[in-house]
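Presented below is the structure to which this report refers.
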């Protein structure tokens, strides 16, 4: 069912969720162009040369103007994204699907759907972990808040990367939530873009250095996608301090893993993601 | 918020899902009495003496007349059950909630909700694993089909019981699914109830014995709740063969774990299931 | 051999050891009433409503007026407790046995004895660990001294809970020992009961907080039973500091686990605790 | 030092070793064209479209006409390949280096060299393992002989993939060695190319199926590169038997991982592969 | 307190237990010479050249004429051996103590006692495991009965060798026990000594070969000391079958490990086996 | 092929490498006597009583006047040492071979060679780890520099001792390297020999104490052999501070392990280090 070495490659990006239209706060503006709707487009533009791509805004959040941090919120948004994935697969219009967002809601279930259609699905957290595993034995995560980093630890374990994770470092900049204003990450980003000092960037660099020196990190990945813009700044500042350590971000890793899977002709294993009923089965298996 | 040593204890059982009214096949009849709606009521009746209890039919399945086996199906049903849990907690009418069904859809997210209200939530798969861990080092699972047992392996790992699981043994009796009739487990149960031979029971006993002899099982738990009725028969037949090994089932374990949690005044840890935003946070954590 | 759903439940508590009659120091007074001989009776009284219970004073210590901390001491006391357990099982007077003391001397061997009689045996350390495993992934232990905490680490590993243990935190209040007066824990308890400040309580709270923040503890258990009285104070003070974390103690957990096992009709697995000679055997097993 | 998004990409393939000119047997003919010197070129040709590539014949084997199977042989060949890698890096002519051969002699040391120059190095065994980890939790290896599969187990562990390896399945077709003729794998390949039956292919399929059913394999990788030609045949035959399981081979995985690393601008971590002396250091680390 | 490089070395062997004088059955005859009281003396005689050695008969068994297999029996015998160890250390007459018997009752506690006196203590099971770990990654155990092999699995885990254990293979020749005659291992030994066939030896060889081929054993150790005489026969027969695998036995390993410890001037770590009260302590530790 | 209980034992020591004759700096003087060429001869002289021994200077370093720290350097020196090992085995003149140097270049490959000749090979790092595992559960390593300690972590993992390693503590005294003078360890040693204070010794003691208190070390081993002279000083100073913890060094451990292996008649397992082609093989194995 897979196109052999498709050229050009056709990618669909699916956002984790979109805000209700009446939300004051919106990280992902509804009326944005395709490029504007991709956060930090400049970081990934070269990787999209020669690629045909589209962006789906994702399901409308069930949680009003709050972002997604708790288990309950992640589960709701995960379930809501699956019909989007299924429809995209059924359309026959894409060679691969890249799930946007840092915490990968619905990733493994989407892989299962994609497997039926021969369409690989990648996600930003998972992809960063796979790339980090190519660079050294242990990575640390720079993340945004207590519940988000707990969720991130959960997906690390569910993907089988617990042994590769040196630590999760939490900057504790809670996301906006109902009547809780949260941290204005956008303001911090503006300051950095303007060449000014940023408490957030400084905290990230200090936690990254602590991850290296105290926790044994050999590479760094970024948890919540709201922090992905930190990547080049974190990389540069650590380098200035004498650390020769790679810093990853999710969009680029997920894009490149998607390309790799398309070109190798793989999605996920049908044995690990069996159909119901299964054409063949195993009498005994390990957990 | 918890009632101190409540007497009588008030339990709410929530089914995993209910079939659409027009389904030919229905494991859980809509018009059933409270007792009829609890599968194998005889096995658990003594445990409910002195307990006030109700049964919620669960959300209506999104998947028509198919049962729940794939990752996609489990995620959908899990998300649909959360509002039921939240509403039950908000009602103030229950001391504990027991999630019915074998594969625990939405369990950890429901624990998070319950934690906010001081109401413990237990689930049949998880509860069996905790009890099994009290009996010996390793348990094996008797399960119903290839995708269900893959799902069950996933929850074993997500609960942190992978080291305690000797094996999953799959009887491969696929559940009914759309135009696929599946195995009539009810017919097998009737045969056993009538004192006749049953291929299903024999297969279960043989797989259980293989789990003991080949895999190192020291206790047995049952995966899909459609097989819970096997418990006393499996226990007896293994005993007849000379094996002194405990066989568990999910309803009784989940009920007793619920009682234990109420009496000890615990739900789950607020550190492991943090609020957003969190009143206190940790700068560094392990996966 | 087990009574089915016995009501009332008949519990025997067995102390770890009793002091020789001429000992100056005695944590457990020989002439005490049943209730007085149970430390911190107030904490567990509600759990014993409707239960018939007795207390056995345990074997007389071989080590004079010293408490039990080293491997040599724990082994001696463990062996001395087994005949008490065997006799209690043979008497047919109890539905379950609860071994008192923090470090569980003779626990697994007592489980083996109980298994032969269909009588579950629980112990305070082991029971706390099982309950902690229901609350989150990792617990920390608050303990009394260097050798006791080393012993406690040993039982954690022997029970298979090493992965669930975030850390052992040692307050280093050595127990009385021959001519070494040790720490007067009783004096500290009196101060707390009188609403005064206590260095011991403060140290416990600080170590508990360090366990949360530095070690990843998601719940707290208490090692030596001489510290069990700390439970409500530790719980309250941590809550005052904003930490929503459960604190356990041994007696209540062991009582409730005993009840649960009686009601589920389980002791331990006969495969994990085989008879000699065994009615059935396995040709190959894993360590 | 890395070229940003180089186009076209310049790859150097380095063979594990070349036979002395007087060897009767030669898997890699000295006078071959570039394409002829790449085994199974047809499998990878589409992946090399738009790529500039060269092949280095590798160091001349120290072990006469024997292939490389023992630890002693692998160490000798590994050391001999490093100067080739260093020279290639110093030349500035390549964006990435792909080490050919199944057992990856000198891979980690070559990564260290490449890291100094900003040039990623990939190898066939390592690359297959990384891709397999994207497809499911556990892979099995189909390998050629007892010592080769022991060596392969060693590299699996040294890369940190032991938990991902379900098993190594050994076809025991020993490689030619001095006066020991060994298995004529080339003859088997000719038979398969001619559409005839092949004992080797049949054995590979049977071992692969045993790996799925008995060992828990969710994907398959091939150990010794002399067996890479089996890939499409193994894939097809397993599919014919109803197994929906991916089969990988080394060249394609190593090529695509090399591209991915170039495009993401990463080699390996300078913290995991430190210089001597190191610009920054860590006082404490974990093994 | 240790003698520096003592020459001659003074060893004390302590049997696990001695039978009551009226026992019909006795593996260790009360009136035996020193050499006769050492089972299979011929195997170890060369290792005792230049060594001054004595044998203590061990404590009298509490369990009548039964051998030691259950947890209860092992604990009783372990506690009874400690005073012998303590007295031997206090006597100042020995440079090292070797605990005889296969299942190491009281070993870790004896190490603690020896540590206080600077006297190393070794035991047959533990010593075999340490030597096996020098020979390859995984060993298998050939053992005598179901409960003994369960006990042996327990000590493997308590010593931290679980990862090194490929399997325990149980010949199921239950030891004599009260009115249960058990297997006459002595008869089997006589047959082998007389050059006749032996079912026991054949079973041991077959299980050993299965351990190699099915379980991944790279060396073999023997569980119950009643089987130590098998060592040379097992080694030879496996060699005849083409397997180049080391077979260990307990006495020789324990003797040589004792010598090594004396010459290196070590016992066990005072940090791992702390005194009470401890001169220095650690605030936090891992399980 | 092994001599039975050889007396006297004939040992060959093989240095890791020797400097080119024109090197300014030389830790191992070319014209030295046998005793002078063994660093810290005084520490091991008693262990060599009654032993016939020789020292081979090792291969001439490929890396000029630099010591060996990077992966590339370790691989080159490892490969260069193998022919020395092979020749020594073929000579029939030695009962055991001890590889000198801290980082064990070529150890496992040398074991393979020795296995063919029935000659055990030991190495200083590996031997320390085995002895440390006899003393407690976890050891820490005191090491010399960032790349050396990374290498040391690699060999710990490759030997299977990762779980036994509490930490590696790096004093960051880089070795001399080309135009980088490095630390004059010899000067520090002279100061200590003269009873003066030494920054290096003080740093080692402080890191050792941190390893005990923070990392859980129960014994200490020394990484780079250039630090082996610290052993008695580290042991004494820690003892003065109240720590009862064993400190090991490599030469003595490797000598005693060599003796033990000769007397027990073992090298390494032929199953773990198979010949090519192998006389017997296994169809399936674990990584």
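Each chain gets a letter, A, B, C, D, E and F, in the order it is written, and its residues are counted from 1.
The definition used in the following text is that contacts are C-beta pairs under 8 Å (C-beta built on N, C-alpha and C of every residue); 3 or more make two chains touch, one makes a residue touch a chain.
Protein identities per chain, from UniProt: A, B, C, D, E, F = Hydrogenase expression protein HupH.
Remember, predicted model here, so these are calculated numbers, not experimental data.
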Pick from A-D, A-B or D-F: which interface has over half of its contact pairs in common with E-F? A-D
Looking at A-D and C-E, which pair shares more C-beta contacts? C-E
Where the CA atoms of subunit A average out and where those of subunit E average out, how many Å apart are those spots? 55
Just give me the whole-number Å value for how far the CA centre of subunit B lies from that of subunit C. 30
Just curious, how far off is subunit E from subunit B if you go by their C-alpha centres, in Å? 45
Touching at least 2 other chains, the residues of subunit A are 214, 272-273, 275, 282-286
Which chains make up the ring, listed in order from subunit A with subunit D immediately after it? A, D, F, E, C, B
In the complex, the residues of subunit B that touch subunit A are 66, 69-73, 75-76, 78-80, 82, 86, 106, 108-109, 112-113, 145-147, 149-150, 153-154, 156-158, 161-162, 165, 167-170, 172, 174-175, 177, 180, 182, 207, 210-211, 214-215, 272-278, 281-287
Residues of subunit E that touch subunit F when the two form their complex: 4-5, 46-47, 49, 130-131, 133-137, 160, 163-164, 212-214, 216-219, 241-246, 248, 252-253, 256-257, 259-261, 263-264, 266-273, 275, 279-280, 282-286
